[in-house]
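Each chain gets a letter, A, B, C, D and E, in the order it is written, and its residues are counted from 1.
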Amino acid sequence: MSRGGRTRHVGLPRWLFGPALLAAVFVVLPVVAMTTRIAWGDFFSLVSSEAARSALWLSLRTSTASTLLCLVLGIPLATVLARSEARWLGVLRSLVLLPLVLPPVVGGIALLSAFGRQGLLGSELEALGIRIAFSTVAVVLAQTFVSLPFLVVSLEGALRTAGERYDVVAASLGARPTTVLRRVTLPLVLPGLASGAVLAFARSLGEFGATITFAGSLEGTTRTLPLLIYNLRVTDADAAVAMSLVLVAVAVLVIGLVRPRGAL
Amino acid sequence: MSRGGRTRHVGLPRWLFGPALLAAVFVVLPVVAMTTRIAWGDFFSLVSSEAARSALWLSLRTSTASTLLCLVLGIPLATVLARSEARWLGVLRSLVLLPLVLPPVVGGIALLSAFGRQGLLGSELEALGIRIAFSTVAVVLAQTFVSLPFLVVSLEGALRTAGERYDVVAASLGARPTTVLRRVTLPLVLPGLASGAVLAFARSLGEFGATITFAGSLEGTTRTLPLLIYNLRVTDADAAVAMSLVLVAVAVLVIGLVRPRGAL
Amino acid sequence: GDDGDSKGADGKGGDKTVLTVFAAASLTKTFEELEKEFEAAHSDVDVKLSFGGSSDLVAQITEGASADVFASADTANMDKLVAAGLTEGEPEEFATNTLMIAVPPGNPAGITSLADLTKKDVDLVLCQPEVPCGSASAKVADAAGLELKPVSEEQSVTDVLAKVESGEADAGLVYVTDVTAAGTKVEGVEFPEAADVVNHYPIVAVKDAKQAELAQQWIELVLGEGQKVLEQAGFGAPTP
Amino acid sequence: MSALVDVTVTERDVDVSFEVADGETVALLGPNGAGKSTTLSVLGGLLRPDAGRIVLDGEELTGPGTWVAPHARRTALLAQDPLLFPHLSVLENVAFGPRSTGTGRRAARAAAEHWLAEVDAAELAGRRPAQLSGGQAQRVAVARALAADPRLLLLDEPMAALDVAVAPALRTLLRRVLADRTAVIVTHHVLDALLLADRVVVVEGGRVAEQGPTSEVLSRPRSAFAARFAGLNLVSGVATPDGVRRPDGLLLHGTAATGDHPPPGSPAVAVFRPSAVAVHREPPGGSPRNALAVVVTELEPLGDVVRVRAGELAADVTVASVAELGLAPGSDATFVVKATEVDVYAQ
Amino acid sequence: MSALVDVTVTERDVDVSFEVADGETVALLGPNGAGKSTTLSVLGGLLRPDAGRIVLDGEELTGPGTWVAPHARRTALLAQDPLLFPHLSVLENVAFGPRSTGTGRRAARAAAEHWLAEVDAAELAGRRPAQLSGGQAQRVAVARALAADPRLLLLDEPMAALDVAVAPALRTLLRRVLADRTAVIVTHHVLDALLLADRVVVVEGGRVAEQGPTSEVLSRPRSAFAARFAGLNLVSGVATPDGVRRPDGLLLHGTAATGDHPPPGSPAVAVFRPSAVAVHREPPGGSPRNALAVVVTELEPLGDVVRVRAGELAADVTVASVAELGLAPGSDATFVVKATEVDVYAQ
């Protein structure tokens, strides 16, 4: 009798709130502590500087692009992983996690090995006149590489939990596979899809190691906010912290605006 | 009629396999390309060196510890987030994502601001004789900080998708909240929980920026595999790549062994 | 092309020629100042600086990043680029740097000499031996016959300074310029053994640079007018 | 355990109140969407009412400022959907209730085995819920609710999906089990109400339409739904000295079988059995004083006779007379009832 | 569209084969777990059989090496669980089938409104499935299946959970809709089979126990389940010249009502109506030649009479005689049937 509505929630055990609070404090306290270090006087001139604005704008553009790329590539991959039963998919599923485990810098090396001038596809790309490394495209690729697993894992989990019951009903009503996917499967896992997209966006926004290795750090082209923060740290640690706060604020804002109800 | 068994899958649209394959290639190709750079001759002497073994062992220990800590803290937090309806939880939910967006190095700074000698809790901890920085504990804390959001987001999504129908039935049969949680809620989201734990473990294993900032890098105490890889990179990029491969292999192995059927 | 992108992105617009300079992270402050001077003198030029660890920058250039000038924090990395045949002409040394002990303000551990760093209750942080300041630290210690036991071997000078600034560590070994740049956040303790180990900064134009002429002019600026700025930042004069 | 129920759920337009005496079984009857499941949810503590009170055996479970959590109520609910725990075996599902309320592992297992045997599902003990057919799942769900041994048992259509052999057996079991238990049961089948319930509460449109002892309500219903449920014809209107006058003016002659004839002018109902109705093609003359012109809507074989339905009214006639009269859905016909067969009483 | 079904699902021990003629409605009957839903799933292409063939109107849907995807079969399945799409409104749910098979938005909407009105759920059009009661959801699911306008309609217990007023109306609707349609329907209610099905297929333990035209199977059943379903008493055994001898040796005297008496020694059944059975406390003397000693298991009121059940057998007697005989569950009794009331035929 739990269908929707004002169903009374089954109470949570009281002791649960202890560790939950501890967890929340553990995550939030450091960020709050960090803000106490900020010299608010310089804050606004700092964050409105030309370099900061340019980095922020670049970060937003590339993160959006890589999130879209993650959706385009990740939805099909997650669906295949969740719905096919072939054995070799188990292997593929583990492989897709690789970018999660690789330290991002190593991820950057891997991208260079594939798409760099001396990489596996280097000569082919060179022949086509395409130079990926150290361009804005490289930033997007680096971000996509590290973010894709997030989308795939979240979405696959959601697809498995949701099951195939409704897909089957839709097919029996005459819906072809594409219709089923569009009108039933994906709408039903919308919360999971949104969570995945938010995770991917957040990860792209914070991406540093793979970007610096694969795309370098050039203002306006490849110097995203995290790279700028890294630069600032060398000269002025406080400025770096202040810029981090901007990054956090932007992330929370974008996520808050984009997130559909109930997702995440 | 979709309950379990040998249910025939609703076919997937054919066109879906195109982008799915592209996605898989995009993730796998760079890693494969990287392996082509490895000088296999030196590989075994390199990976069996004292430094490598000690780093690997440290990485495994700390990642396991931080995954456990994530479970202890994350399960309650995710449950509260998924099951309570209080408004302010929306804010908390966004805040928990912070470590995802923060560049890891900034995460390290934030941790120092909270738990460092001059941090918010510094004097209290000092008074208790606790010194966290430069210790293995710091590594575990840094890894937990960056990994916790993964567990919480995955698990919360799974809890929401699973819904409360069965919890309600259990309560009506006389099960108190703790029993419901232990015997119904968590077993039902086991795949989501496992996915979350795997994500957290993978993220911990690959963690670099927060660790170096908050915990430093000393062989045997705080120099995990990613830190070793970074060290090696300066002198011998190929060696770094070889060690990365070890990291990847370990991750895939551990994940493959630990993962319950159907999870992820 | 990324040129078009960069112009659109940074809003500077116009058809300015872009000069790309790759420089070691320790040169950030000085080179940013030189950028202003250079752009003032060349109104149609936009200087783009890319900072990083010297080895990272070498790797990037090797992988095809388009740079016009490369300024390294040590000779070893410069030699790698030369060996790869990616340099135009001979690298020229434009600055030197020596080590200094950095301590938190007030010097809570009371460090006065290199030997104090070996005290048991002093939390010392060093650069890892693989990076220039780390190998310099090791050489200094060897020369003085001391065995330094750090609590952490950091990846870069920045990380060493961060640990000292935050008070986490009681002392660290960094370059004079780093102490100067950090201002009041750390104090410097000089020690005589530092003079034994001098770090050399070479600069070179990159082969097939898009702006070969401007690259040469930048190098001239660094070797000439720029010396004042470098001196202010604490760099030593290049060895003759 | 006696129960006192008075609940309002505004969003669903439900506002019912009734009582359940100690050891009594009450059947909740009513059309789809009347609010039966809603009432059970509120009783079980799964839905919080907007207003009202629930008192079980003197203890207030729900009321202004009072709220007892579902698990503390000891009111096991068998919902309309079996909802067996998918990760537990059938045996573990049934043992869940006893285990949760503190019974030891072995005793809980024994109890589960006992109840599974009672619902004729002993051989399913080791299966997963996903491997059960619809009726099997329903039986296991019944066993699970019974094994919880609640103070107040709430059963929402427990006999749905059962085959013709199991249904009577389960009904017998429930009759035995419910005999000395306080229970509320929702059903759409008259046999369940007749055999299992001491009293019935008829809910229509979220309000109690009538209530009373089962045999009384089902033999002398006052609401259209209860009459339909009991298989009786009911015409409601205003009492006259001779019978009941429908709003459309038609007078149905009849007498009070028991008790007093309702005072003329008061709302009253006229009730008669379908088997007392004769069907003609033309309005007949002669002694039966009531003739209702109708259009046949449906013919249903019913054992040896055919039930001729005409809207709300029904007549049972032999197969031979259906053929003779040439009845079919859409035919005009006249339903004729002797006044002596029509029972009149106050609504 | 005619259908030819022959499927084997080893894991569930189901192996059935039957045919459905063009425009015919077949009722699948059988105990819980017999394999009815399994058969429908296989027909709809939701479960792949281990062996067998399904041919719909000459086109092989399933067979060695053939597999037509569910969406291409045009066999709408109403499953035992309504499974309305939770993210779509009721109207959108019903319009889903037409939309999926290429009907324009407006036409699909009109079709959905039409079918919703037919199942008396027009006023629910704007709701979400979560806001429906059990019976309302069931009706919407029926409308959704009908709106898909399939070549072969598969209905799994479409009348479950419906109230007494809606059930006859929906049955009338289905009768009209199914008249010229090829359909397979699963039900546990004899009225549904009688009114909706041209033929019945009785499945027991995963095998077809008997099949034939509805009226024939239900009036002269050969399987225990079909007899029970039709409300008849059935005793099976071996034919003797006088009747049928049960395996326990008891001889039931009877005659073949139509056709020939089965050859002695062949398997045969003796069938008689409960109303033909008289109940005594002691074995009587006199003319009725069949006396079966039984233990009463259950008493069920059934309109004007009481059905006395004794295991598989049943007798209908008046309320007065139940009281007179002092019958109660557990009483010893003798069921007495005249030989002329016992119909004997080959099994």
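What we mean here is this: a contact is a pair of C-beta atoms (placed from the backbone, for glycine too) under 8 Å apart; a residue touches a chain by one contact, two chains touch by 3 or more.
Just so we're on the same page, UniProt names per chain: A, B = Molybdenum transport system permease; D, E = Molybdenum transport ATP-binding protein ModC.
Values in this document were obtained by computation on a predicted structure and should not be read as measured data.
J.: Look at all chain centres (mean of CA atoms) and spot the one farthest from the centre of chain E.
T.: Computed centres place C farthest from chain E.
J.: If you tally contacts for every chain pair, which pair is highest?
T.: Ranked by C-beta contact count, first place goes to A-B.
J.: Starting from the mean Cα coordinates of chain C and chain D, work out the distance between those two points in Å.
T.: The mean C-alpha positions of chain C and chain D differ by 87 Å.
J.: Just curious, how far off is chain E from chain B if you go by their C-alpha centres, in Å?
T.: 55
J.: Rounded to the nearest whole Å, what is the centre-to-centre distance of chain A and chain B, using the mean of the C-alpha atoms as each centre?
T.: Result: the chain centres lie 15 Å from each other.
J.: Taking each chain's centre as the mean of its CA atoms, how far is chain A from chain C in angstrom?
T.: Chain centroid spacing, chain A to chain C, equals 33 Å.
J.: Would you mind listing the residues of chain C that make contact with two or more other chains?
T.: Chain C, residues with two or more chain partners: 59, 162.
J.: Tell me, which residues of chain A touch at least two other chains?
T.: Expected reply: 1-2, 5, 7, 10-11, 165, 168, 170-171, 176-177, 180, 233, 237.
J.: Multi-chain contacts only, two chains or more: what residues does chain D have there?
T.: 37, 44-46, 69-71, 77, 79-80 - these are the residues of chain D that touch more than one other chain.
J.: Spell out the residues on chain E that touch chain D in their complex, using ranges where they run on.
T.: Residues in contact with chain D: 30-34, 36-37, 80-81, 132-136, 139, 156-157, 160-168, 171-172, 188, 190-191, 194-195, 225, 228-229, 231, 275, 297-298, 300-304, 309, 329.
J.: Spell out the part of chain A that touches chain B in their complex, as residue ranges.
T.: 1-2, 7, 9-13, 15-20, 22-24, 26-34, 36-37, 72-77, 79-80, 83-85, 92-107, 109-111, 113-115, 119-120, 144-145, 148-150, 152-154, 156-158, 160-165, 167-168, 170-171, 176-178, 180-181, 189, 191-192, 195, 198-199, 202-203, 205-206, 208-209, 226, 229-230, 233, 237, 240-241, 244, 247-248, 251-252, 255-256, 262, 264
J.: Flag every residue of chain B that touches chain C in the complex, lowest number first.
T.: It is residues 109, 112, 116-119, 133-134, 212-213, 215-218, 222-223, 227, 230-235, 237 of chain B that touch chain C.
J.: Can you check the complex and tell me which residues of chain E touch chain A?
T.: Against chain A, chain E makes touches at 44-46, 69-72, 74-77, 79, 83, 85-87, 96-97, 100-101, 128-131, 144-145, 148, 150.
J.: Which part of chain C faces chain A closely enough to touch in the complex?
T.: Going by the criterion above, the answer is residues 1-2, 5-7, 9-11, 20, 25-26, 28-29, 32, 48-52, 56, 59-60, 62-66, 158, 161-162, 165, 181, 185.
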